[in-house]
Amino acid sequence: MDATAQIGRTLAQAALLLVLGPLVTGFIQKLKARLQCRRGASVLQPYRDLAKLLRKDTVQSNSASPFFRAIPVLVLAATLTTTAMLPVLWVPAPAAAPLGDAILLLALLALARFLLAIGALDAGGAFGGMGASREMTVGLLVEPALMMAVFSVAVAGGTTNLGELAARRLTLPALAWQAPDLLALFAVLILAIAETGRIPVDNPDTHLELTMLHEGMLLEHSGRGLACIALATHVKQLVILSLVAALFFPPGLARGLGAGELALACGAFAAKVLLLATFLGVVESSYAKLRLFRVPQFLGIGLVCAFLALALRVL
Amino acid sequence: MTSNLLWLTPLLPLVLGLTMLLVRDRRVLAALDVGGSVAVLGLALAIARRVGETGPVSALGVLRADDVAVVFLLLVGLLAAVVSIATVGWMRDAVARGEMREDRLHYYHALVNGFVATMLVTVLADNLGILWIAMEGTTITSALLVGFHGDKHGLEAAWKYIIVTTIGISFGLFGTVLVYGAAAHAQGGVFEGAMNWSSIVAVATKLDPGIIRIGFIFVVVGYGTKAGLAPVHMWLPDAHSQAPTPVSALLSGALIKCALFGIIRFHTIASGACGPAFSQNLLLVFGLISVVVATPFILVQHDLKRLLGYHSVEHVGIIALGLGFGGVVGTYGALLHVINHGVTKALVFLVAGDAIGRYGTRDMRDMKGFLAIAPLAGTLLLMGAFSLAGTPPFSIFVSELLVIKAGLASGRFASVAVFLVMVVIIFAGLVHHVGQMVFGTAPASADRARESRTQLLGMAALAAVMVLLGLWIPLPLDRLLTHATEIILG
Amino acid sequence: MTAEFATRLIDLLGALLLFTMLVILASGRLFRSIYAVAAQAVFLGIAGAVLGAATGNVDLWIIAGVTIVVKAILLPWLLLRVVRKIQIRREIEPVFPINGTLVVAAGIVVLAFHLTASLGPVRQAITGNALPVGIALILMGVLVMATRRKALVQMVGLFASENGIFFTAMAVSQGMPLIIEIGVILDVVLGALVMGILVLRVRSSVNDADIADLEGLKG
């Protein structure tokens, strides 16, 4: 495979996730509304919000440094880059070895989180600082757990490259799951709730100061900057869901570029993401937001599951 | 014929207990209780005689009486009979004092009989699963008895008792499961009889030592909880102090010995599978911890029945030490101690129940001059206390001496030294406590009525056994214990 | 069903049991613990059915059915009934921080797997990971009982512990003899009934106390 084709595929995949990201958010919102017996906004509402934000001017706090303006773009860039490491439609990943593996993916997500928190602190608002500190507290529990869960799968596959990992799992029989896989899946599902900022860890719908984590950090952003960050959030959500799909449900990924195969891969991808999004929506509708000091307890289950998944794999 | 005796023995109190639920009259209940338990003692003696003559008897494929079982069977039978005789007088007083409600007596007697029945199944079980089921059955029946008074403390003790021993016992079940798995494997994948003690012992040397080791640890912790071995004894002082007195006597005299019986069964298996050292060391550690942990609590105790409860922890520890020192002498001593402690402790509990009734308190600081107001019971209390403390010429002295001898023979001098120091401290503490209680002038409020005849009869019977075994071990008993020792040592 | 496939399924069910146990350990709410322990019993029943199908032992099917009826329906129903009757606060107050408990739990699981990994050929007599999972469940059940001061939660811990034993017992080649298994389940039910009676009696006699909270007996 030559380099141009590879870059082309990578860009195509990034564009796909970028375009579909808001749709997934819209779907979850619609699902929640239906579960609450409301009609809810259209699934396209996130696109409309983005369009509106893009048309607006940016207002910035006096205390913010010039760096503050760069934050939204950097966050979006870091998040978008992660798509290059994911096998979304094809295996092996469009950009095979040189572009990076699961470790880089997790590092980029951490970088985006870090930039967001720095930005929130930079603006000097009280809520921003509070949101940042809470977000980092949650991150402290989520990131190592996510790494352990991913490593548990990686140890079984013998590589950290997500594309190769998915390819290897594809060759196994359908029910080749082992106990650590199951534990890692539970861990990742719990952590996905935290990573996508959803109830019971965070509430994406509210701007009530006392309950918010992620939204707190966005308060000082506006206009196009806010649009970038919102888009990054949508993409990150989809990236996390695709990661779960790639690690645990690889069937359906295309090996070549035939039209039929590709159509099948698209269908499988849509089905997997829809399923996981439904999971998030249902969980969000059936639980109440946890008090902040209960959150570590909830994430603790994920952390211990991930640890066990790794430990049982090694033992 | 004899094999029928095996299942008749536990069936009798069970049927009797169910019948009692229909009876309301106190006298009829008492007569049924005494008659039934004396009959059980008779059956136990018949089984003992038969086993002594022709060797082990089994029935239904799950029950089996060998010499080890007979030792415990006789103890349970004897205590059930004596305690039920003493209960007659105690119950009359307790009803008069308002401690027991007359309209609930049939529940009490039915539960006691059910309790005795489950203990009998425990000691007669060959199938280790049946052993476990019966052991859990003793917990269920006796938990209700411990909380029978229904007051706050009684219920607290009952809760602690049932929750701690049930979780403990489930460890025992897990150990049983592991041994079963290992036995099935050793029999070459044949499951028939893989849960029967007699067939497991037959293949003991072929069992996988690794899994038996894990299994034995689970069993010792599990059945050890029920036996009151420290550090898993926390239910014992509470339950012994809150239960109605006859139940305390049965708990301390018979029940914790049944749990030891379970440990002894697995001890034999483990000795066969991984050599005697492993299980002996484990029992030694538990025994030493029990003796050491019990000592300070005995010294500072003011509650008479709690004091006796902690004494049970100490003596169970001594039995475990005897098994741990091992050898013929140690095992023989441990078995003798099972009988001696069971008899003595039941005696002391019965006297203590009488004293508590007279003074209306369990606090020993408020009990003075017991000898003056109840000369016979006072004398028996003194004798029992000296026996518990291990003074000659009483029976416990003999068995403790045997245990020490075994310890010296096995070269575990440090353990023996610790044991001796603790025994001396406990002796001082016990003599202080009981001396305070027996001598002096009694408060005017104390009840000076004569002891009831049935209570005295029960106590005197136990005291006679206690003194007799201190002076002389009858030949049939000696033969029984020797055979049992051989069986335990494999 | 091949033996290899059964082993794999048992391993997965073991992972599910461990996960539900973690949920019980981390749960701050009584209802969630009760539902989790009921779910455990369902998994246990499925495990029994899987083993029954794999070994062709009819007893195991019966045991699986009895397990589901008793441990997944009857006992949780009993617990929920007691909860409703005494109307206690549903929040569980741990005496030990929950995150600390979770760390201990992780240690227990690792220890159990490490311990059994060294065992010899007899592991073959026990299907899959049932032995370490069983050990871990028992010890974690004790952990629940030790770190919570609420009678009903202690009962939940006890049932979870027993689930671990049943899991291992089923997986010991062909399961325990039916009569023993039935006897054990009978004991479990009777024990639960007696515990329920005690909880209710304390509630009515000692104004609104939780039996596990009583601390009158000491020393």
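Order as written gives the chain letters A, B and C; numbering starts at 1 within each chain.
By our rule, a residue touches a chain if its C-beta (ideal position, glycine included) is under 8 Å from a C-beta of that chain, and two chains touch if they have at least 3 such contacts.
What you see is a predicted model; the values in this text were computed from it and never measured.
Most remote chain with respect to chain C, judged by CA-atom centres, is A. Counting C-beta pairs in contact, the chain pair with the highest total is B-C. Core chain by CA centroid proximity to the global CA centroid: C. Spacing of chain A relative to chain C, judged by their CA centroids, is 35 angstrom. In this assembly, the C-alpha centroid of chain B lies 30 Å from the C-alpha centroid of chain C.
Centre-to-centre spacing of chain A and chain B amounts to 63 Å, using the average Cα coordinate of each chain.
By the touch rule above, chain B contacts chain C in their complex via residues 127, 129-130, 132-133, 136-137, 139-140, 143-144, 147, 150-153, 155-160, 162-163, 166-167, 170-171, 173-174, 177-178, 180-182, 184-185, 189, 191, 195, 208, 210-211, 214, 237-238, 241-242, 297, 300-301, 306. The touching residues of chain C, counted against chain B in their complex, run 115-116, 118-122, 124-126, 131, 134-135, 138, 141-142, 145, 151, 154-155, 157-158, 161-162, 164-165, 168-169, 172-174, 176-177, 179-180, 183-184, 186-187, 190-191, 194-195, 197-199, 201-202, 205-206, 209, 211-212, 214-217, 219. Within the complex formed with chain A, the residues of chain C that make contact are 5, 8, 11-12, 14-16, 18-19, 22-23, 26, 28, 98-99, 102-103, 105-106, 109-110, 113-114, 117, 129. Those residues of chain A lying in contact with chain C across their complex are 175-180, 182-183, 186, 294, 296-298, 300-301, 303-305, 307-308, 311-312, 315.
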